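Sending over a structure as structure tokens; questions will come in a sec.
In this document, chain identifiers A, B, C and D correspond to the written order of the chains, with residue numbering beginning at 1 in each.
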């Protein structure tokens, strides 16, 4: 077993990894930028070291500083989390040079699968179906126009180095190509320092369904069922569930086996995800491989009963997978939503700031993987994700009902969040029927934002009037805010007393 | 499906029931005493009605007031939770008289099983083994002494109307009988208004293992595995787990089938628990039936994947059980601890008061069923249970590691709790090996309280010194408490600034 | 006690009798009870219905949230003048648009002095690696506008429309 | 800055250099950093080790908790006198025992004037349906004792031992 793990990340995923370490009896070491000194991941880790100023480029993205911290703390392993350096092969290379186990695949496998064109060649060798398109970066606009004509519009321009929808453009017709080419290339250059793009046929209303795989260093590779991540906003997943409401046992087996073939072909080790698009006829097409733990890994954990982070640590420590494919049993249904500090009503404007009060939901079937706490100031420098709320149930209906219930319990003041939007999505009839595709939310969003209130207006207004009045008149409020006694009392009673005082002929203060 | 449920309880179990209602789309109606206006169960319910002053006898125990509230709100069902009136047959009788479905067994079954002697007669008819003893209340001390002589000491005196260890006395030898008889009778009279007691042989180091059953109104009765509740303090369960570390598949089947026979014999419906003592040779002896939902029901929910409260509601609504015995699959391991506002170091003195800050643990495998929140004042009038922390994992070791991790994350200020004591229990070598019996904790407690620190003293002292010093010198603290800006800053930096000010030749304020 | 208020633009007349725990809104009488849970958070019972309501000051009035409903509320309280509290009802007139968070003005889309429509984009601010368009809250004349390239703090005025 | 303190009875000499983020306790120098998480709650880093520490005032000193360790701390701060803060070190002498919660005195186990031992039961208080024995915190003379049958409020003096 590994003994001490440097967690090269921040926020909820760093907390998640520290929890796994704690449960395994492995020491956890956090790193933090100047903006993150009071972050939860620093507080829950056994040790913590500063790695530089707030901007990621000067802290979390600095391999040299991470190696320094790992050496200082005497770590024998490093977990990259997701994002930041998680898919940069230089990180496992630096780990190897410093004698530190990297909790993830080899730099070679990462490099191979990180390049979309190399990954497609690999998929072809492994007999994994792909969306028709080219495998090589396209040289110039003229080539792009020619290839698109051959494939037939609509087509999708995608960054070779890409991920998360950056550097991706849908091109509906030839006339849109020049602008799309320019935008995709420059966005890719900005985001990844690599402006190269390639082209695929665009599928109508496809689903995004991905397969979680695990591979040890002893030749064992398994798949842990699928996750449906079709609810996306601008190519960013916002809700993920397992199993997919569209899945059949046959399709799961075909997709799972294709993913395992691909992983074996790449000599892949540790946890990874093979992403597919699935069309209405249940044909599936290879999309890409994420060579790391995914944000949405908890839904797989809840249906399999496994702990993926602990398994990652065991695999990196050289252990064999403690189960075979036939031992993996999926039970029930799990669904996750990503909670962000943002304002959906105001064009998803980020809403950093200080969390004044925070009520975490819990109870049957609920799991919250968060990285914040009351009094914490969400920094402006990073992705504004607060955490993930996950619900499991006997079936999809129960999991969804529980997530909705938990979202209603979730209460946060001081910053705005997207929690209420999820309630509306979960109540949408198309969502309830599982009729999803990757652009579903983008198309549905205006309706969901404008309408879809879940609280009856009249009754809510009456309650708002009463609370507003009491707040307005509350003479004791200032004292209360000082936390002098903390005793919760009936505001109504207190007001009654105040009114009595008002009526009596005493001099006013 | 039932439409509107009156929850005749308070605290965490009322919150638990309201959550089930919310997930089913059933309206929930809370009741509250004057001490509970700001309690969480009132806030999470759809409706809430006052039922009287703080003392339970004038509020939660008043059947007439509960019926009033149910009528006013238009409820078609009532859930009693546990405690209060949950095992009083007058409550289902009143419900029947008012045309309200009672979510629990019939008053006849409750009465039958509520009397220990009638329950033992029933168990005999159902062929369920029992601890040798008498079935009828004992008339007087002389009879008790004679029967005890016949059975052989040690013996156990138990209240006929009892439960929860009240009115129970261990008698090691004849000389102890007069005092024990007096104490047991008077305690039973005080607690239940019924001073009658009976006698059984006392088993050496038995385990408490209980079987959860479910029975619908269509003749289907199933058992949902067992719960081991051997970790008790003065006959009160404090830790419960499922499966029992002592269980074998054969023993589970025998005990489960015995419990189902007993339930059928009593024409039992809804959820119930058949409690057994199990000796070192895996002989099991009927103890009693709890004719209601148990505090520890979540561990069964986590290993079966079922929601017992929802199933209770469905059964009371006339639905058939949606599964048969062979469909019930136990997966993994779950363990629960009961969090109390009490001070284990100071003889478990209750510690009511206002919760200043509260950090609820979460993450993989963790469930918190609580009834409190920051700012809430734990009332002095009721049982000081704050809630239950439950952990599930692939096996016992993982569940225990997760519970320990969650207990370390759990942080509450303003009141004292027993959370740290649980960490010590979970790390105890005997506990880890599962070598448990009902008096284990009572015997082990002095050692656990005196020693068993989990934090290294020297390092903790250094950290304490630094924090204490900063707190002492913190000039900005008063401003901070006012919540003026809420910005968390490095206390160290702030102190550096203050020190600078001190050094400069400015006049002091 | 009796008073008038405006909630989401509509006028309401409210009477409350704390002794009898009754509130009357536009003639509808209800049994009412309120408990303050924490600063600005209330548990409200109205004819038995349970609500969680949060209240915060916002633009001279109150922003009140109940469930997923949001209400802007102004109270006309004759006594509030005595206390020097604001009961202002300025919903129209001069509008200041402030930066909701620290960021950088990456593009301006209008010119001071220009007539602008409600909803028209005025400038683009970049924060947390995302670009966001700031729109005019009303039709009128753009009086002031932040400069392209400037860094702004939260609360800083970005534009004024009159 | 340099000062002396007493923690769980032991004297410690502490020096801290905020500019260099160093603290020296009884000659051991450590790299230190602290962040206040909320009022009385601190995140402490000492040579990289992360601690969560809570601090509250208690009997003229401070009650400090780190992990499952509890420390009673008194700081001898010459400047505290200027500020009027208490740096008292009274650990012995007259001890007042106050009711930790509201309850009823159901039994008295000693008589005022009597010599009592540390740990000896003085009275039994019933609260939350549980009876709890209150013991003497020191050996000495019992000066005052609450009366049987009386109802007491939290913080009310139950007994005085000198």
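Simple rule for what comes next: a residue touches a chain if its C-beta (ideal position, glycine included) is under 8 Å from a C-beta of that chain, and two chains touch if they have at least 3 such contacts.
Everything numeric here is computed off the predicted structure, so don't read it as measured data.
A.B. asks: Report which interface contains more C-beta contacts, comparing B-D against A-D.
C.D. replies: More C-beta contacts join the chains of B-D.
A.B. asks: How many angstrom lie between the CA centroids of chain B and chain D, rounded to a whole number?
C.D. replies: It comes to 32 Å between the two C-alpha centres.
A.B. asks: For chain A versus chain D, what separation do you get between their C-alpha means, in angstrom?
C.D. replies: 45
A.B. asks: Mind checking the centre-to-centre distance between chain C and chain D? Centres are C-alpha means, answer in whole Å.
C.D. replies: Chain C and chain D have C-alpha centres separated by 47 Å.
A.B. asks: Any idea how many Å lie between the Cα centroids of chain A and chain B?
C.D. replies: 36
A.B. asks: Among the residues of chain C, which ones contact at least 2 other chains?
C.D. replies: Residues 33, 35, 37-39, 49, 52.
A.B. asks: Which residues belonging to chain B are in contact with no fewer than two other chains?
C.D. replies: Chain B, residues with two or more chain partners: 37-38, 44, 357, 373-375, 408, 481, 483, 488-490.
A.B. asks: Sort the chain contact graph into one of these: line, ring, star, complete or other.
C.D. replies: other
A.B. asks: Let me make sure I understand the interfaces: which chain pairs count as touching?
C.D. replies: A-B, A-C, A-D, B-C, B-D
A.B. asks: Taking the complex as given, what residues does chain C use to touch chain B?
C.D. replies: 33, 35, 37-39, 43, 45, 48-50, 52
A.B. asks: Where on chain A is chain D touching in the complex?
C.D. replies: It is residues 29-30, 37-38, 42-49, 72-73, 373-375, 483 of chain A that touch chain D.
A.B. asks: Which positions of chain C touch chain A when the two form their complex?
C.D. replies: Spelled out, the residues of chain C in touch with chain A are 1, 3, 5, 7-8, 12, 14, 16, 18-19, 21, 23, 25, 28, 30, 32-42, 44, 46, 49, 51-56, 62, 64-69, 71, 73, 75, 77, 80, 82, 85, 100-103, 127-130, 132-133, 154.
A.B. asks: Residues of chain B touching chain D in their complex?
C.D. replies: 346-353, 357, 380-384, 408, 411, 413, 420, 423-424, 453-455, 457, 459-474, 477, 480-481, 488-496, 499, 508
A.B. asks: Can you tell me which positions in chain B touch chain A when the two form their complex?
C.D. replies: Touching chain A: residues 15-16, 19-20, 22-25, 37-38, 44, 298, 301, 305-307, 309, 329, 331-332, 354, 356-357, 359-360, 362-370, 373-377, 393-394, 398, 401-402, 404-405, 408-409, 414, 481-483, 485-490 of chain B.
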